[in-house]
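My questions all concern the structure below.
When the chains are written out, they are named A, B, C and D in that same order, and each has its own residue count from 1.
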Amino acid sequence: MERRFRLVLACPDRLGIVAMVSNFISSHGGSIADANQHSDSSNGWFFMRVEIVSASVNFSREQLIEQFTPIAQSFNMQWELSDSSQPKKVILMASKDSHCLADLLYRYHEGELDCEIPCVISNHDDLRSMVEWHGIPYHHVPVDKEDKQPHFDKVHQLIVEHQADTVVLARYMQILPSSVCDLYRHKIINIHHSFLPSFAGAKPYHQAHERGVKLIGATCHYVTEELDAGPIIDQDVVRVSHRDQPEEMVRLGKDVEKTVLSRGLRWHLEDRVLVHGNKTVVFN
Amino acid sequence: MERRFRLVLACPDRLGIVAMVSNFISSHGGSIADANQHSDSSNGWFFMRVEIVSASVNFSREQLIEQFTPIAQSFNMQWELSDSSQPKKVILMASKDSHCLADLLYRYHEGELDCEIPCVISNHDDLRSMVEWHGIPYHHVPVDKEDKQPHFDKVHQLIVEHQADTVVLARYMQILPSSVCDLYRHKIINIHHSFLPSFAGAKPYHQAHERGVKLIGATCHYVTEELDAGPIIDQDVVRVSHRDQPEEMVRLGKDVEKTVLSRGLRWHLEDRVLVHGNKTVVFN
Amino acid sequence: MERRFRLVLACPDRLGIVAMVSNFISSHGGSIADANQHSDSSNGWFFMRVEIVSASVNFSREQLIEQFTPIAQSFNMQWELSDSSQPKKVILMASKDSHCLADLLYRYHEGELDCEIPCVISNHDDLRSMVEWHGIPYHHVPVDKEDKQPHFDKVHQLIVEHQADTVVLARYMQILPSSVCDLYRHKIINIHHSFLPSFAGAKPYHQAHERGVKLIGATCHYVTEELDAGPIIDQDVVRVSHRDQPEEMVRLGKDVEKTVLSRGLRWHLEDRVLVHGNKTVVFN
Amino acid sequence: MERRFRLVLACPDRLGIVAMVSNFISSHGGSIADANQHSDSSNGWFFMRVEIVSASVNFSREQLIEQFTPIAQSFNMQWELSDSSQPKKVILMASKDSHCLADLLYRYHEGELDCEIPCVISNHDDLRSMVEWHGIPYHHVPVDKEDKQPHFDKVHQLIVEHQADTVVLARYMQILPSSVCDLYRHKIINIHHSFLPSFAGAKPYHQAHERGVKLIGATCHYVTEELDAGPIIDQDVVRVSHRDQPEEMVRLGKDVEKTVLSRGLRWHLEDRVLVHGNKTVVFN
């Protein structure tokens, strides 16, 4: 795909934002390949995402950022400008269950996910061979149940070392300490194996079976300090029936989990997910 | 459609149930038009539903019941035998919102729901004209917020008077007293405007908007004493996005609500829903 | 909802369109409530839809049109500017089947469809009472199979008389002559009871049953001279199984038909559907 | 899972089939774990599938077959009796596209598909490493465009050699000669990358893009001599929009293809798919 700059911004809504931004782009000869806006009438915020054909402007990302800063400041924007030729660095974290990891690795291998994967981290060694077949380093960082801190320290160190932009908890099954959550706010993506807010917490498929629901689901969300309560990126469901015992629900649920996680990650990698408060705007 | 007897049963699973039941039917010349079985390995129960072509047996429903009773007793069956030529009598209850009521009335009018509707009961007079256009009596039974008992007494009296088999709460918005719930156990169907167990209680669409979910749903369930916790018959969802304010969610949700309610009612009318504990087996 | 101007345009893609349009709007003090753009790289066209809060500009629709015309000309735009306070006039046409008509009338009655319905036209008298209950005039215009021209002349005359902007063929079952299709290009909406291009033509559910498909669908499209081949606005499907005879498929299909038609019409009424060649851009 | 015998049968419908079959089973002490029946009123055929807990009967599969044969003959049954402890032998065939193959291999690896995979056959060598990582032999059998017969002879030989019960064309892209199709009637499963009968033949996603459809799909079917016209096992769709160029449709379509193929294969492996004429009965 041709190289693009992606400008993503959120600010209090007021007159002339789109005009100001599009003038800025066209005054530098920028060709807009794709654009989305959203005004949220319930909170008075404005959200925008623009893809600019890089070849149409004579600037680097750094120069564009410098040029745009005064505009951004005058509108009190929260904003980012990324360059599609510099894909995000994504660390995948897993435990023993392989369905989400295998799906992400496959899509990465096929070029469906526009990112680099510097390594996979797991608290078990089970998935090493699968990961290494893809040519990706595998770090086995065990968890000591009595003292988890060394594990988290090592995880943190690996994230820093690899300069990761994004961390994906592909059924990692450990609760990251809030110190890490804070440092990587809206950069850590989790897949929860239920249709949140139903059945938050452990063993959701058993809870679902117990309650006799007719649909089960999965939720992809950014991780925040409050467990299972971060901004939701995507959700989906699959139909179940009285014939489905919990094990069968687990099997059906796995398919939904991997679908929802890979979709959410793809949107994140393309800078389509803007977070405001505890909710997301997804320009897809 | 040709007349059918429908035999529905549940009992502890053991050897020879299907053989015993199908022998009974074939020994009376009964032609099986449709049959379903389910063994629930998690609780050791067996469920069965058989449709018998009425013309193929020389018995009335009453005679068949008499003949089958000893078999049923020997297997400790909970069972019913209904006759499709005697459709259920269904009382619809509504408040001010018309979407579920209008949908059910339309389907009834088109012959899609195999039942009689002796009357509609509402605590408001708003929907009278719509109901009466369909030739169905409309009972306006107001609710006194200080003392709701007279309302419920009148409702109960109307149910008894019309010998209703089934009561549908088509967004009735009042909580029936447990005395009525007990009398009509697994006979009162409610539509809850959320994907239970998420957002049980009031204003679920506002709760859903607040939480930023990406799907909203509806749940059709039998009414029990515990609010919003009865056996689930059917559920469905619809996708929403950041663009959808609560009002828009309400509009989208209405479509799911009426779809789920009419589907659940249809299965109930055809004796496809068997309840065990707090869960349903739906032979659809 | 607050009053809006809706500017919809399509033109060959080139630099500065968004800047020019948004400058135009902000220079008149216009507050953008919603905006969408799309660049189609396969044909080099650009599409845009903007909703402007009417109260934020001191102009009437006519004045805005006058002001915008030079810009539109310089970019070779195909464009329209509508005023949400002047809802479209929609004539519904039906035959004997009521499901789509009843659904549209109900949604109109509930305020879900932002339009006026000056009348319903049918070649049969069956649905008169249902339509008149809604306070809408019903024109029974019979079809003489030997000579259909008088029917079409009368239909055309009614469309002209009522100054209809839009005609909805809600299972009208007659093929409009190309003279009428031409006059109301992209203004006549049809619901086809199959998932086009599968099973174009008559009796699609019987064709679907014959072929043993596992999903059946419906297609909402603009009517063009070539039967069942006009630009598709929306489609949807529903799952069927070996248990479903053609009659059952018809019943299930009706629900999809009405869902798809009302959704397509809603988008049309809100100026969300742009046609280019034989395809649509739907900003929803 | 506990071992099961699966009895699957189809015959002209008449009185007493279920009674005869269930008597047979219970007379040998057989415990029925699951059972489904279907009477097709449009053609007068009866279909049945019964799972019997193997441990509950004192017979081998061969003895049960011998005992049941007279009953089967008296009802003119087409029937099979399989033993879940003898999983089917499935040969996967692929070309260069890996998505379906990778998905099936993953599910096999995870124990989701109850079968043996003696080998993978491909006309290209590209996927060797992926297959061999799973410990499965890979046969590269090139196709000479001038004379494809040697390729098909070798393929046929490998099927025979490995005593395969089932062949899955996981995007194999070659048309098997009718001699092979005949030998393995209802044993060869194909995934077609469109929602048949729409867009049969080549490049369906480009056809779909050209036509401007709003949903694209995939179809899993048994291979017959007539291309893309065999009995359909399963179908599914995914929503697309004006934003999706053909390449994007291909990406979205791949997900549907693999979902539908693995679901169809799973049903086939569990003897849930009965073929009659050109249609399937799927007891799922």
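Here, a residue touches a chain if its C-beta (ideal position, glycine included) is under 8 Å from a C-beta of that chain, and two chains touch if they have at least 3 such contacts.
Since the model is a prediction, treat every value here as computed from it, not as a measurement.
The two copies, chain B and chain D, are related by a rotation of 180°, based on C-alpha atoms and rounded to the nearest 5.
Centroid distances from chain B, each centroid being the mean of CA atoms, peak for A. Taking each chain's centre as the mean of its C-alpha atoms, chain A lies 36 Å from chain D.
Between the CA-based centres of chain C and chain D the separation comes to 41 Å, rounded to the whole angstrom. In chain A, the residues that touch at least two other chains are 38, 41. Viewed as a network of touching protein chains, the structure reduces to a complete graph with every chain in contact with every other. Within the complex, the chain A residues that touch chain C are 15-16, 18-19, 22-23, 25-27, 29-39, 41, 56. Against chain D, in their complex, chain C makes its touches with residues 38, 40-42, 47, 195-199, 209, 211-215, 217, 231-237, 241-243, 245, 278-282.
Within the complex formed with chain A, the residues of chain D that make contact are 98-99, 102, 106, 110, 112, 129, 133, 251, 255, 259.
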